[in-house]
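In the two complexes that follow, chain A is the common piece, with chain B as its partner first and chain C second.
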Partner chain A sequence: MAAFLARRLGAAVLVAFGVATITFLLIHLAPGSPLAGSGENPYVSAEAIAQMRRNFALDRPIHIQYVRYLTNLLRGDWGLSFTMHRPVLDAFRDALPNTLLLAAAALLVDFLLGVTVGTLQGMRPGSRFDRVCSAVTLTLYSVPTFWLGLMLVLVFGQELGWLPVSGVVDPALYHARDILGKLWDRAAHLILPALTLGLIGAAATARYQRAAVLEVIRQDFIRTARAKGLSERAVAVHALRNAVLPTITLFGLSLPVLLSGAVLVETVFAWPGMGRLAFEAIQRRDYPVVTGAATLVALAVVAGNFVADVLTRIADPRTREAQ
Partner chain B sequence: MGLAAVGLLYLIALLAPVLAPYDPAAQLDLVAGRLLPASLAHPLGTDALSRDLLSRLLFGARLSLSIAALAVVVAVTVGTAVGLAAGLAGGVVDAALMRSVDAALAIPRVFLLIVILALWEHGGIAALVLVLGLTGWFGTSRLVRAEVQSLKQRDFVLAARALGLPAWRIALRHILPNATAPIIVSATLGVGNTILIEAALSFLGIGVRPPMPSWGNMIADGQAFLATAPWQAIVPGAAVVLTVMTFSVLGEALRETIDPRTR
Partner chain C sequence: MKPLLAVRDLTTEFAMPGGLVARAVDGVSLDLYPGETLALVGESGSGKTTLALSLLRLIPEPPGRIDPAGRVELDGADILRWDAKALRRVRGGDLAMIFQEPGSSLNPVMTVGSQITETVRAHGQPDRRAARRRALELLADVGISDPDRRLGQYPHQLSGGMQQRVMIAMALAGNPKVLIADEPTTALDVTIQLQILDLLSDLQRRLGLAVLLITHDLGLAARVADRVAVMYAGRIAESAPAARLFDHPQHPYTEALLHAVPRIDRDVARLPVVPGQPPLATQWPTGCRFHPRCRHAWERCRGAEPSLLGTDQEHLARCWLVDEPARRAP
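Up next is the complex of A and B:
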């Protein structure tokens, strides 16, 4: 296990390093400059711009900037945002919990719904339930995330008026509420964005899980279980334990996908998370925030892969012997 | 059936200039013609700039379908070339190519696209196609490599080699034709997926940029009028869903035809 962990950690560092480097190169090679806006402003003097360039170290050659960026990163210094006038890490500290909350809620919807529906489908392939669910998941699979969000806003926010459609809490009433009221306020704001992200993911998970159950259910030990006269429920437990393996891998791999989806969902629901922060930073050429966000994405990818590996090893003893 | 549906979609896209009742960019009547509901003159109504929604939808289909198809052509070409090279060369070349593909697959594609497209704002449609294609070939290359690895041990390839045919000829005339089936399936599913990604990028304002109509930026336009004119966002979104579904159905049907075990 120790050798396995060490190897994974090494690969993780490599991926994180690679992504940070690619993003750094992309953003510095791209046209446009973080100071372009100030350059067009008649009230900003040339000296002030030169001063800003020095302060942000933009006057140095690119390889010097790159080495500086990496050494600072290693020391835990993610730099100062050009546009927000605060450390990048501070901005992330505000935004990241919101995105993690959204991602966790979405994952819950995704896997609870996806695994349940997929397993039920796989147990009775060709049944009416299976066909209806297949049609639904195929449709959901073809729906753009942001559009599903808008449609949920339209139905539950606008027509029915049940749920709030933007932000994390109600800006006017939140602080006046008691603890239960605050909790409900947060939960209510979370429902629609989490459903948007979760439902689309659930469609993929269900299709995946259905295929996995179909694969398992044809095997001899299921026939044996049925032949022994076990109840369908007990058979389902046998099947599920084996069929859940590929889905676990999917679980780890879905983390980066969720983060990309979060950019769109956060835009639709005005959710103050990492996706929106990063997207706005790209448009403003806020180099330190963009490279920082990319490094975080890389860490998420690495963490997701790692979780998938470890879970697979726990769930499937065969992978342990193979090492 | 899936094939006929996809054909119909491309026919509609091709005939957009004939079918569309108006110029998709024409602001017809900014005073009295804004956000009109559906009527005989405007079957799907008009948008906030009094442009005819049906005309924009048809021209949007033209753009979305051609961008996706061209991007997939780029992706499949590059992916096939890399997969062939890795599978045939083996050894160090194979390892280097496949580890690079592994690393590239670790970066979320949408995130990479957002960074590239938001930074290079003035690339236009050609750049969009290229970027979508060049970020979409990793899966195909793996698929092709796997096919090549199993094909190159088969008797007819060994025979061709024994005859002393050059490697490129074996690759193109003997191996590639036998590997086309899975490539076509993955390309079909890839078109649908690319339409979804293009819609998302255009929605964010960094894919197809206004005034050119694309389904994604039409949904973005409609978002502001969800309360007063919800069809502005509903109609182009429904078009995306139907189109992507068509490609999924076709892809699944092709897969089942090729590999009956997946039924």
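Up next is the complex of A and C:
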């Protein structure tokens, strides 16, 4: 187990290093510059721009910038944002909890709904329930995230007026509320963005889970379970304990996607998270923020895979001795 | 003596793509008496596994269908008419089954112990600790050493022979009267095969089990069976006490099968085989189903299918030669 952890940690460092390098190169190669906006502004003097360029070390050769960025990163210094005039890490510290909350809620919807529906479908393939769910999941899976988000806003925010559609809390009323009121305010703001991400994820998960169950119920050991005189419910437990294995892998892959793929949802719902932060940073060529965000997502990919591996080791005894 | 298990006119069909129907088992009747071993012998595709699965109604329906005109009587009660609950009691209870591939027949992510105890608990011993004690007894019964440690292990940690022993222990959990063994040694090494066979005959003697042994291996049938039924194209081709069947086969198919057994004491350049291909279950030949492959066949064989014929009830063959022995080609 110790060797397994050490190997994973080493891999995490390597991946983070690689992603930081590639992102650094790509964003510098991209047309445009952090100072392009200021350059077009008639009220900003050429001296001021030159001063900024020196301050951000943008006047130095790119390999010098790269080495400086990386050595700082190794020391835990993620640099200063060009546009927000604050440490990148501070900005992440504000945005990350919001994104993690949204991702956790979305994952809950995704896997609770997806695994349940997919399993019920797989146990009775070809039934009316299966056919209806297959149509619904295929449709949901094909729909763009932002469109589903906008539709939910239209229905539950605009027409019915049941739920708030923007931000993390109500900026005007939040502070006046008691603890329960505050909790509800946060939960209410979370529902629509989490549903948007969660429903689309659930559609994919359900299709995976259905295929996994279909594969498992054809196996010999399911026939054995029936031959032993077990109830259909006990047979389903036999099937499920095997059918969760591919879904665990999917779960590991979903973690980073929810971290980075929430950009559109965070934009639709004005959710101050990592996705929006990164998106705005890309538009403004805020190099340290873009590189930092990409590195963070890379770490999330490694973490997601790690979580999936650990869960698989728990769920599948065959993988335990392999290490 | 009354049979313990009486199968009458059992027919099992499968709906195939393109509207075809495969009648894998076609009007089979069999008797299994208490304490005896009946070997059901046949080539792949002859319907012997489908027959075994039909006895416990383990055929997936659809696409499978067991004709309601058939009967599977256990102690006189027809299993095919039972509801799901009664069926669950008899599965793994009076009628237990073991399979060809012990490796894939055990759930890979559950411990040996939990798979045995859940069977014990499903058949009259709901108490968890008593079930565990019973599981330990069962493992010791099937010759597994260190049963305490084995209970906590997973199937992949056991050898193939050990896995089949676990399957047998599981099958014994409900104190069965009948054990259906579908090619129980085919997937195992030769030395392990013998050990498993010895175990089965030992258990049979000790527990008075009736065993329905399904196999393609005539040598195996000769070694352990009291009686043998040969299956061909979904039907019983010949049935007789083991010694009579092997010494005086009546059906040309049985004869051909016996010739195809490799013998260590004879030097042959080429192993004789049963000529031709086994027919498809979607289109059994008209007349005698074996006639396209039979070296004795004449017009009568092409025109009409014989019933099971014989001079006494112990030895029956589905062949017109029983009627007209003079027709037998030299």
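In this text, the second predicted complex is superposed on the first by the 322 of 323 C-alpha atoms of A that agree within 3 Å, B and C clash if a C-alpha of one lies under 4 Å from a C-alpha of the other, contacts with A are read in each partner's own complex, and residues count from 1 in each chain.
Criterion: a residue touches a chain if its C-beta (ideal position, glycine included) is under 8 Å from a C-beta of that chain, and two chains touch if they have at least 3 such contacts.
Note that the coordinates shown come from a computational prediction; the quantities given were computed from them, not determined experimentally.
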Partner chain in contact with A:106 - chain B first, chain C second, else both or neither: neither
Touching partner for A:282 - first (chain B), second (chain C), both, neither: first
Contacts of A:243 with chain B and chain C, given as first, second, both or neither: neither
Touching partner for A:257 - first (chain B), second (chain C), both, neither: first
Contacts of A:80 with chain B and chain C, given as first, second, both or neither: neither
Partner chain in contact with A:145 - chain B first, chain C second, else both or neither: first
In the superposition, chain B vs chain C on chain A residues touched: B
First (chain B), second (chain C), both or neither touched by A:235: neither
Parts of chain A lying in touch with chain C, wherever the complex brings them together: 219-221, 223-231, 234, 238, 241-242, 245, 315-318
Contact footprint of chain B on chain A as seen in their complex: 14-15, 18-19, 22-23, 26-27, 30-32, 138-139, 141-147, 150-151, 153-154, 158, 211, 256-257, 259-261, 263-264, 267-268, 279, 282-283, 290, 294, 297-298, 301-302, 305
Parts of chain B lying in touch with chain A, wherever the complex brings them together: 103, 106-111, 114-116, 118-122, 192, 196, 199-200, 203-204, 216, 219, 222-223, 226-227, 230, 233-234, 237, 240-242, 244-245, 248-249, 262
Chain A-touching residues of chain C, taken from the complex the two chains share: 53, 56, 58, 88-93, 96-97, 99, 101, 104-110, 118-119, 122-123, 154, 156, 167, 170, 173-174
